[in-house]
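Structures follow.
Shared chain: subunit A. Partners: subunit B in the first complex, subunit C in the second.
Entry: the complex of A and B
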């Protein structure tokens, strides 16, 4: 697999491992954008990431940050900082990493799936959606130019079991936030406390154009569920999505709105695709073959 | 405009496509969904929902509509989208249409033509009656090799092998049995064969014929 030459993609921060994945004094190899990299851990929170050139020559040291239960790095010149997600600093939150899950599709298909409410009733039946309550009510999308993020606000959807803590169905309020081409998160109202939101993220490590690892750190308000239960809930939802994600054709994301036809419920996906097109990203994008 | 050859190719046995089911098939590297409503004929569509690219062979059938598993969008037998569950009160625009190909059932085989024009004639081996489905086999060899093998394989005293434009072969055995093969190129190195047979006592010989097809595959793959 060749390393991408797309500087737009290379200039983003991406996760390359979860905290605890590399043992103290240990080492782990992985891949980002087709580039093999090596992660070594010399101390509790002291990681070194460097490229592993195919020809065996010595690698280039890459920038490292650890946040949101993940190790982040970049192959280029990062144009934006890691996002600020204040909920992860609130002391009473359950902050959980959930590890990573491999998905064979383009990173953008993953982001779009996460932004999408219309599939809840079909793919997460009786959990995040009910078969007889499929309507997606109008919501707003915005491109927040100060932070260069895409937001979807005023989203609502009826959910039979919105989270591990839910005992009954509820109209769940969502806010979605796309922080980079490879990271997305949501805020959803908490069952027991209407003033607070659970924060659930997906940070994507693009190993190649159609090969990803997804990390799902979350900061949850839930005093009762065990950490294992929280992770189990999140992973079981994600595995339902993976079957879909790996069977979309093409796996690369088409940006031409006549090739894949959206409807009103796809407003967030439309805004996301426009944003990707405007930044002229090429990695993982489907270019229609000339007829 | 399609660059596909204007040719009818058999892509499955009609009887294999159950009522209210959608099934994946690959023809010349193109992913197709073969689906049937609760009754009625088999449809051959591109295996891709025009909404977000989900494979329609994962879809489910309700009445005479195929629904995409991802968001439940419902498509009528002519491909037109007729329902978007996210917006129950919205009449889907006419532009939302699944890409369908011509589909014909003849001799118990489902035939399709991936070229948009579709002016070629269906393979003609006489009357449609009397053909019994035998089975399909999938061979790890290119279609050219499989066609060649149909000429030389021992079906038991062959009197004649007649090809029809490369997509079908009729094997006449002296005992009065006729075996019709539809040759479906799957990819460069993989071919499907769909076999039906006709003649006296054919129903009772189905198991024997199916075993012969197993041997045919083994012979081709050994060579």
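Entry: the complex of A and C
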């Protein structure tokens, strides 16, 4: 695809690689918003990102930040900083990136799937949901104007195996947080310590309007599981989601409220779509065809 | 006696072995390998277990094995008292082995397409998909013939390790952008396979085929 001209999308920070993906002294090409970019790594935490113009002319250097196991960049002028997620700084946390996984759909479908609790019992059967306990209890959504984020609070769902550390089923308390059009996270109560929350994120690299890479850094309280087990759990969940994500039609997200009919369980999706509509984002959005 | 499987949940090849272990109701120990992003299967420690740097690998009573197909043969040979999963009679043995080899050979193009789409492997995706479709055509034609004969399985009257070896990468092909629309006999066969007692799905195996 051509590079998007949507400045709302271009002005967001997005991930373009995971830490460790580019070897020391090495280089990697990838794509964001249809723009080819090149990442070079000269030192442990020293990355340079620049555009790769199609005509072979020299590229433009882009801003870079490394956080949450990812390399972030932006093609525009970022209006919001990277989100603060304090859990990643707590010393006893297991901070784990899970690489990135390719998904052929629009970035917003990924965010909405991550926000959705109603699919747990059907797609993540016996792990994040049970076939006989499918109800999504009422929860609240908020647009936090000070940080311009969408939150869903007071979410609860019965989970047979909420995390790698779980031995029995539990009522899991969730808080969801949409930090940008392309990033979302959740806090869920830790199995062994109800005062703390695991923090699990999805940062999305939109390569094109219906072609994404999803990065899933997490900061977990779990002394026992191996890193391989933590990653395996998270990736297994995500590849269950990937099947339904790639089968959603249209792949682009419709913002017209009459196009898809939400239920009460979709309150977070409704808030997210309103927010996207208000910011007038065009990239990856389904435009109504003329009759 | 303990069986130890070097495993990665998202690997279709490991899934073949897990399926047979479940079907035979065998207890085993699982050693999780950080295949992606950690590439632990290429680590020096793992190369001692399998110098090819591939999963699955299996340890069984001092025996160390690699290759999903070889492991299926070993488990069926040693633990399946009924002899049905790996028939030894001359009418069936060769045919089962032929399709087991097909699963480890031609069908692996569907695995390559999946690695490209989901895990970002650099390879010629169009070539991988074309090869996978060609392999699916061969198996679908075979299963069509089997249906005409009134049979449900790849070889003989019972499911064999040929069915187990072929199932994962046919079922998972959607992950690599390869649909099942053109393969009605494969869809029927997958439905039958899913109904086997003790069957379990893995992530990416679609619920409805």
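Brief remarks follow.
Here is the rule we go by: the second predicted complex is superposed on the first by the 291 of 291 C-alpha atoms of A that agree within 3 Å, B and C clash if a C-alpha of one lies under 4 Å from a C-alpha of the other, contacts with A are read in each partner's own complex, and residues count from 1 in each chain.
Here is the rule we go by: a residue touches a chain if its C-beta (ideal position, glycine included) is under 8 Å from a C-beta of that chain, and two chains touch if they have at least 3 such contacts.
Computed from a prediction, not measured in an experiment: that's the story for all the values here.
Room for both subunit B and subunit C is found when the two structures are superposed via subunit A, with no clash between them. Applying the stated contact rule after C-alpha superposition, one finds that A:134 touches subunit B and leaves subunit C untouched. When the two complexes are overlaid on their common chain A, residue A:227 makes contact with subunit C while staying clear of subunit B. Contact with subunit C, but none with subunit B, is seen for A:99 once the two complexes are overlaid on the shared chain. When the two structures are aligned on their common chain, the gap between the nearest CA atoms of subunit B and subunit C comes to 5 Å.
The intersection of subunit A residues touching subunit B with those touching subunit C, taken from the two complexes, is empty. Listed in rising order, the residues of subunit A touching subunit C in the complex are 18, 20-21, 97-102, 104, 213, 226-229, 231-232, 235-240, 242-243, 246.
Interface residues of subunit B, counted against subunit A in their complex, comprise 1, 3, 31, 47-48, 50-55, 58, 69-72, 84-88, 90, 92, 95-96.
Of all residues in subunit C, those touching subunit A in their complex are 8-10, 32-34, 36-38, 40, 117-120, 174-175, 177, 202-204, 206. Subunit A makes touch with subunit B in their complex at residues 112, 116-119, 121-123, 134-136, 244, 247-250, 254, 260-266, 269, 291.
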